[in-house]
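Next up: the structures, one after another.
One chain, chain A, appears in both complexes that follow, with chain B as partner in the first and chain C in the second.
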Partner chain A sequence: MNFEAVIGLEIHVQMKTKSKMFSSSPNAFSKSPNTEVTVFDMAYPGTMPVVNKQAVINAIRVANALHMEIDHTICFDRKNYFYSDLPKGFQITQQFRPIGKNGYLEILDRDNKKKRINIERIHMEEDTCKQLHFADYSLLDYNRAGTPLVEIVSRPEIRNGTEAMRYVEGIRNIVVYSLTSDGKMEEGSLRCDVNVSLRPYGVKEFGTKVEIKNINSLKNIEQALDYEIARQSAMLLSGTPVQQETRRFDEASGKTILMRVKTDAVDYKYFPEPNITPIALSDEFVQNAIDTCPELYESKKARYVASGLSDTDADIILSDINMASYFESALKSAKKEKTLANYLIVEVNGYLNKRGISILDFPLEPEKLGELTNLQEDGFTHKQCVDILNYLLEEPTLSVEEARKAKGIEKMVQDDNLVLSLVTEALNENPQSIADFKGGNGRAIGFLIGQVMKKAKGKVNPADVSRVMNEEIKKR
Partner chain B sequence: MAILDKTILEIHEALVKGETTPLELTKEALRRAKEDTNNAFEFINEEEALKEAAALTEVEVDNPLWGIPYICKDNFSTKGIPSTASSNVLNGYKPLFDATVVEKLREKHCIMIGKSTLDELAMGGTGTTGHLGKTFNPYDPSHKRMMGGSSCGSAAGVAAGIAPFALGSDTGDSVRKPAAFGGLVGFKPSWGRISRYGLFPFAPSLDHVAYFTRSVEDAAIILEALSGRDLHDSTSSTRKVEEYYKDLNPSLKGKRIAVLKDIVNSISNEKVMHVFNASLEAMKKEGAIIDYVEFGQEALESIYATYIVISCAEATSNDANLDGIKFGPYYEGKTYQEVMYNARTKGFSELIKRRFVIGSFALMRENQDVLFLRAQRNRAKIVERTNEILKNHDAIYVPAAPNVAPLFEGSSDKLSDEYLIADNHMALGNFAGLPSITVPLGFVDGMPIGANLMNGAFKEGEILSLSLALENLSGLKGLSINERKGGRFE
Partner chain C sequence: MKEINLDVLHDAAHRLLFDMSDEEYQTLLEEFGILTKQMELIGKIEGLENYPPMTFPFPCEVDYLREDVATEPLSREEALSNAGSVLDGEIKIPKVVG
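Then we have the complex of A and B:
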C-alpha cells in the first residue's frame, strides 16, 4: 500500500426514549405509518419545542462513556434547509455548543494493539421523517420525524476498515448498554456515514474526501472501506484524481457506488433556536445522570471474565444485551458462572437459532436455567441435565425438580458393589447374550450394558458399567 | 349607552345584576361585527359563539371574564376555526389545536366572536398588507387613515365597540402602536409571562402575546387570566402569577419617570407634544419626579435596522414550514421542490418574500457576522442601555407615536429622524422583553393619541399601577367610537 487512509465517522444514534426529542409524541418503532405524530412533528404553526429530559440524560451518559467534556449549558440551534422530509424547514440541532466535546474511544487496531480514536463532538438533534419514493409519487411517514438522535463525530484518525468496524462496535456497545438506543444498524437505529481520503505516507495535507452513506452492518463498514481504499488507491496510482462525491455500499457486489457528486457545501444558515432558552444543568443533575448509568459493556465483560468466563464466551453473551441480562438474572440462582455460560452459549443459543427467535422469547425463566446448571455442579451428568432442560422447554411451568422426577432421572452414584451386583444379575438373566459375545458378536455387550442401565434407572455411570461388564463377561 | 360599550368590569357588573346575559352580549357583538365596515374580521365565529353563550346561564360572580365576548387575532391557532394569519398561504387552514391563551379564555368562559385581520403573518405595522386588504381606523369614517398594525383588526374591533377586549401579538409594536391610533390600552407584558404556544411565530425572540382593552383595570384582569407557566412553551416563565387587579395601586407619589429626550426632541407635531407635556405636568402634581434622560441618538436610530435584520432572519426560518405539503392550499408539482415552490410563490405576497430575502441574506455564512450577529450585538447593547435607565427609574415614559394615525396616501419620507426614532422606539420593549403598555392620552385633530410606559422585566404589577394613575389623570377610561370623550390633557 502506497497510501495512508484517513477515515472519519459520523454516527447517528436513535434514542429509545418514551417520547420524541421535542414533542410529547410516543417514540416507538415499527408502528403503522403516521400514527405517532403530534402537531409539532408536522410543524403546525404555533407549535413549540420542549426538550426531552431523558434524551439529555442519555446524551450525558454516552458523552461520559466517551470521556468527553460535558457542557452544563444546553443550547440548541436551527439548521435551515428545504427538503420534503423536513417538516419545519429546519432541523433543531446543537451546532454551536454540543453537549460533549473532545473525547475518545479505545479500540484494538488490526494487530490487536490498543489505539485511541479521538472524538470531536457529540450532540443532540431530531430525526427527519421517512420517505418512500415511487415512480410518480412519494410517501411520507412522520412517525420518525422528531425521534431523538445523538450524533457522534470522530476525528479523522481511523486508518482502515477493521479499525472503523471496531470503532462503530465500541460506540454501539456504549449506546446499547447505556440503554440509549437499540443500536441496530440493520433497522437504522444506528446509522453510519464514513468519510475517507487517501494521502501518501508522510504527507500532512488531506486528500479529496469521499463520503459513504448509510452502511447497514458492521461487516459492511469493513468491506466498504477496504473496497473504497483500494478503489481510490488504484485511481491515484493511475494518475486519476479522486472526485469529491457521495457513494453508497452495494452489499451484493461488495462495491461502493456513486450517488452524487458534491458541489459546494450547502449553507445551512445556522442560528440559535429562539424557542429554547439555554438550559443550565446543575452539577448534581449531570453527576446523577452519570451515576445512574446502567453498567456498560466493558465493565460487564471484565466482571464476567473475572468470574471465570473466557474472553470469547463473555463477548458472545454480551453481543446481545438481552442475553446478557438473561445471564445476570440466571446468575442469581446459578452456582457457577462458567457452567451457566456454557448452557447459554450452546444449548440455549442452539434452541433459539433453530427456531429463529430471540432470548426474549425463550420459554424458560432465567432462574430455572440457573437451578438446572446447579444439577450438573451437584453431580448429574451433562446429558442428564440436557434431558431435563429439553423436558422443561416443553413443560416450562414445571419446576426443575418436578421435571427431573417426571423424567425419572437420578444422580449417578459411585458404587462398584452396586454395579457389580447389577452386572451379575444381567449376565445371569441373559446367557444367550454371553454366548453371542463369545461367538464374536461385539454388539451383545452393548445390549447387556443397556440392561444394567435400565435396572439402575440411569443412576450409575455407564463408563463404570462398561468397565465392570467387560471384566465379568470374560470370567464366564 | 349599550352595555357592550363598557369595560369588562362594568359589563361583569351588569351580568351579575342580571341586566344582560352572555347570549345578549354575544348577539350584539356579532351584529356589530357583521356590520363592521373597517375590514376588521377574517372570520366571524357566529355559530360557535352563540352556542357557547347560550350555554352560560349561571353567572360566575368571582369571574369577571364570564360571558365576555372577545376578538382573536387570526395568527392564533384556533381548533377547527380558520386561522390564516391573513395570508393566502394558509387559506382554508383549520388547526387541530387551540393556542394556550385561547384555551385559557375558554376556561374563563369568554366568547370568541371572531378572528381579526392583520398584516400578513403579522409582518408589518400599517394594517394594509393582509390578504383582505387595508383595515381602516374607525375614528375616521372617511376611511383615509390607518389603524396601524399588525394587530389592525383587533384594534379596530375594540375601538369600534364590537368587543371590550381583543387578543393581539406584538413583535415590534404591533399592539402598542395601533392601540395609540385607536384610543385603547395596549399591553405587552414581559417575554415569557404569557405562553406563546399556538401563536404563529414571526420572530420568536421578539414575539409576545399582547392585547387591547378599554381600561387599565381590564388589562390587569386579562393579564391574570393569560399568564403562567405552560408546559407547551418552555420559554414561559415559572414565576408565580400575581393578583394584578387586586394589587393595583394608582399612586404617582415619589415615582421616578424617565422621559427619553432624544425621542421627544424628534417629534415635530406640536399638538402631540402639547398633550404629552400636559400629562407630565399632571403627573408631577401627583408627586411624580420627571427626569429627562438621553438614551443615545445613534442607538435609537439603529433600532429599526436591528429589528429588521433579526426579525426577518427568524421569520424566514419560522415560515419555512409553510410549504403546501402538510396544511394550507396544495399546489400540484412534478417534484416536491415544485410543490413547495408553487405553494410559496402563490401563497406569499411580494412584501413577505422581500422580508424572507432580507432574512436569508442576513443569515448567509458570508453575511452573518456583519448582519445577523452584528444586529444581535447591537440588540444586546440597546437592552443594556434600557435596563441601565430603568435601574434608576420606575418607568420610561414617551409618546407612543409622533403623530395621529397616518393617512394611507402620502405617507412621509420613511427614513426621517422622526420616523426612525419616534416611530420605532417601542421595539425596545421587544428587544429586552420588558412590560410595555400604551394608554390613551387624548385627541389631536379628532384622532386619538397615546403614550407608552415601560419598566423592568416582570414588574407588570407596577407598570399597571402607574398606567392606572395616568388613566385616572387623563379621564380616558372606556374609550370607543361610541364613547368619545375629551381628555383632560388637551
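Then we have the complex of A and C:
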C-alpha cells in the first residue's frame, strides 16, 4: 500500500528590531548572558508590556508578502504555562486574532511545477529565554526573552521533504529581503517545527501525527522528512501503529530520534491579554508598512533574469542578501549585468571562499568592480581584467585605471593581418621549433606563440595567435 | 461552567506546586461559591448572548505603538540580584527536563 504524507509547518522567525517585543531592552544576538534584559523581561511585578511599532510593521510586511488578510486591530492573548523559560508564567501571543490569516506561498514541487501552499495564519509573540541543560542543573539566559517573533503556520498541504524545504526557503527569502529577520536557521533566528502524518492515498482522515522539532538547516528539513516518511511507512506496512510523539533530527545519523511521547494536549487556558488594550491600526499605517517594504527576493530575481542573468546565477547572487546588495551597488557603474554577475560569482566568490570571509569583508568597492567589468566590455580580455582585479585586491585604494596602468595592461588589437605578419615573422626566425613541432613535440607551438605575444607586447589576443599559428605551421 | 469543588482546588494547588490547610481550602471553596453565584446572576441578564465576549468593561481601543528605540538595560548584577543561584552570569536552577 502506498501512503500520502501530510505535512504542516510552524516557523518561528526572530525579528530584527532594535528593541524587544514588549520592552525597550536591546534586541541583539550573542551578547554575554543576562545583559540585555529589563525589569519587564524578568517579570518584575507592576511592569507592563508596550507593543513595538517596528515589530508590527515587520509582521504586516511578511503578511502582505504571503498574500494574507491583515487585521487592522491588534489584539494579544495570554498563553499560560509554568516553566522557567518565561518568568511571567505566560507568553504574550496572538491566539484569537492573528495579525494575518488565509495567505499562501507559491513553491516548486518535486517536478518543478508551481504549487500553492496555503497558510493559515501569521501572529506576533515574544520569544522565551535560552536554557542550557546540564547533567543536574539548567542555566537561564534572559537575553532572548521578549525577542519579537512572528509565527507562520501552514496548512497541512506539503507532501514531501523537498516541498517542505522549498517552502521554508521561500519564507526565509521573504523575511530576509523584507529586512524582518536575519533568517539564520543555524543561529536560531528562523526555527522550524514540522508535523507529519501518513494516510493511504484516497483517504481523507489524517493519520497520527509526529512532530519534529527545531530542525536547523534547509537540507535537514528535507532529510528529516524523507527519513520520517520512510519510517512511518515501514511501521504502517508492518501493522505497527504510529504513536503521537515529538522527535528531533540527528544530523550525524540522518535519522529522527524520539524525544517524548505525547499524552494529553496541554491546556494553555488562553485568554485576552488584559495589559494590552486592542490597538487600532489606521489604513494609512498598514499601507505605509507595505509600501515601504524593501524589494523582495522574487521581484529582484525577476529583474535580474530580465536583464540577462540565468536563473541559477540570479539564485546564487540572491542567496546572500549582502551579495545582492553589493551586486546592485556595482550595477550603478557596470555596463552589462551578465558580465558583472560572472565576475561576482566566479572571481569574487572564489576570493571569499578561499579566505573564508563574507562579501562584507571584500576589500574592493562595488563601483570599482563594475568599472572593471566594463574593461572587458571595451575589448580587454577576461584574463587581463582578472589580472587587474587581482592587483586591485592588493591595492584597493587605486582606481581601476591606475591599476591597469601600473600593470602595463593594454587593450588587445583585433587585427588578423598584424597577427599573421607576427606569426610569419616568428616562424621564419625559429625553424628549429617548426621541426620540433613536426617531429611530435607539441610544446614547441607554445614557444612560438610566446614569441608572437612578446613581439606584440601582449596587445594581440592569444586565442587569435593560437588559431593563426596552428593554420600557418601546417603550411610549412 | 465547570463546577468548582474541593477536588478541583486540590488539583489546581497541586499543579501550582503549593498546598493549604483544610480550613483554607474550605474558605476558598466558599469564596468561589460567592463568585459563581454572581456570575450566574450576570448570566441571567436578558439578551446577553447577542454580545461578543468582552475583555474590557468598555471599548478602549488605542492607537499607540512604542517607537523601536532601545534603552539602557539592567546591569547584569541588577538583573541577577534576585536569583537564588548564579553560574557564569546565568541563573542556575535545578534541571527542568528529563
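Going forward, the second predicted complex is superposed on the first by the 419 of 476 C-alpha atoms of A that agree within 3 Å, B and C clash if a C-alpha of one lies under 4 Å from a C-alpha of the other, contacts with A are read in each partner's own complex, and residues count from 1 in each chain.
Methods note: a contact is a pair of C-beta atoms (placed from the backbone, for glycine too) under 8 Å apart; a residue touches a chain by one contact, two chains touch by 3 or more.
From a predicted model like this one, the values you see are computed outputs, not experimental measurements.
**Student:** With both structures placed on chain A, which of the two partners, chain B or chain C, ends up touching more residues of chain A?
**Tutor:** For chain A, the partner with the higher number of touched residues is C.
**Student:** Please indicate which partner A:134 is in contact with in the superposed arrangement: first for chain B, second for chain C, both, or neither.
**Tutor:** After superposition on chain A, A:134 lies in contact with chain C alone.
**Student:** Scan A:51 for contacts with chain B and chain C and give back first, second, both or neither.
**Tutor:** both
**Student:** Pick one for A:445: touches chain B only (first), chain C only (second), both, or neither.
**Tutor:** neither
**Student:** By the touch definition at the top of the document, which applies to A:73: first (chain B), second (chain C), both, or neither?
**Tutor:** second
**Student:** Thinking of the overlay built on chain A, is A:88 touched by chain B (first), by chain C (second), by both, or by neither?
**Tutor:** The first partner, chain B, only.
**Student:** Quick check for you: in the superposed arrangement, does A:274 touch first (chain B), second (chain C), both or neither?
**Tutor:** A:274: touches chain B and chain C.
**Student:** Does the superposition put A:42 against chain B (first), chain C (second), both, or neither?
**Tutor:** In the superposed model, A:42 contacts both chain B and chain C.
**Student:** In the superposed arrangement, does A:108 touch chain B (first), chain C (second), both or neither?
**Tutor:** neither
**Student:** From the superposed pair, tell me which chain A residues show up as contacts to chain B and also as contacts to chain C.
**Tutor:** 39, 42, 50-51, 82-84, 138, 140, 271, 274, 277
**Student:** Residue numbers of chain C touching chain A in their complex, please.
**Tutor:** 15-17, 55-56, 60-71, 73-76, 79-80, 87-97
**Student:** Going by the contact rule at the top, pick out the chain A residues touching chain C in the complex.
**Tutor:** 17-19, 24-27, 32-39, 42, 50-56, 73, 82-84, 131-142, 271-272, 274, 277-282
**Student:** Which residues of chain B touch chain A once you look at their complex with the stated criterion?
**Tutor:** Its residues touching chain A are 75-77, 83, 85, 90, 93, 95-97, 99, 196-201, 203-205, 231-235, 313-314, 316-317, 319-323, 325-327, 336-337, 340, 360, 363-365, 368, 372.
**Student:** Okay, in this complex, where on chain A does chain B touch?
**Tutor:** It comes out as residues 39, 42-51, 78, 80, 82-84, 87-90, 138, 140, 267, 269, 271, 274-277.
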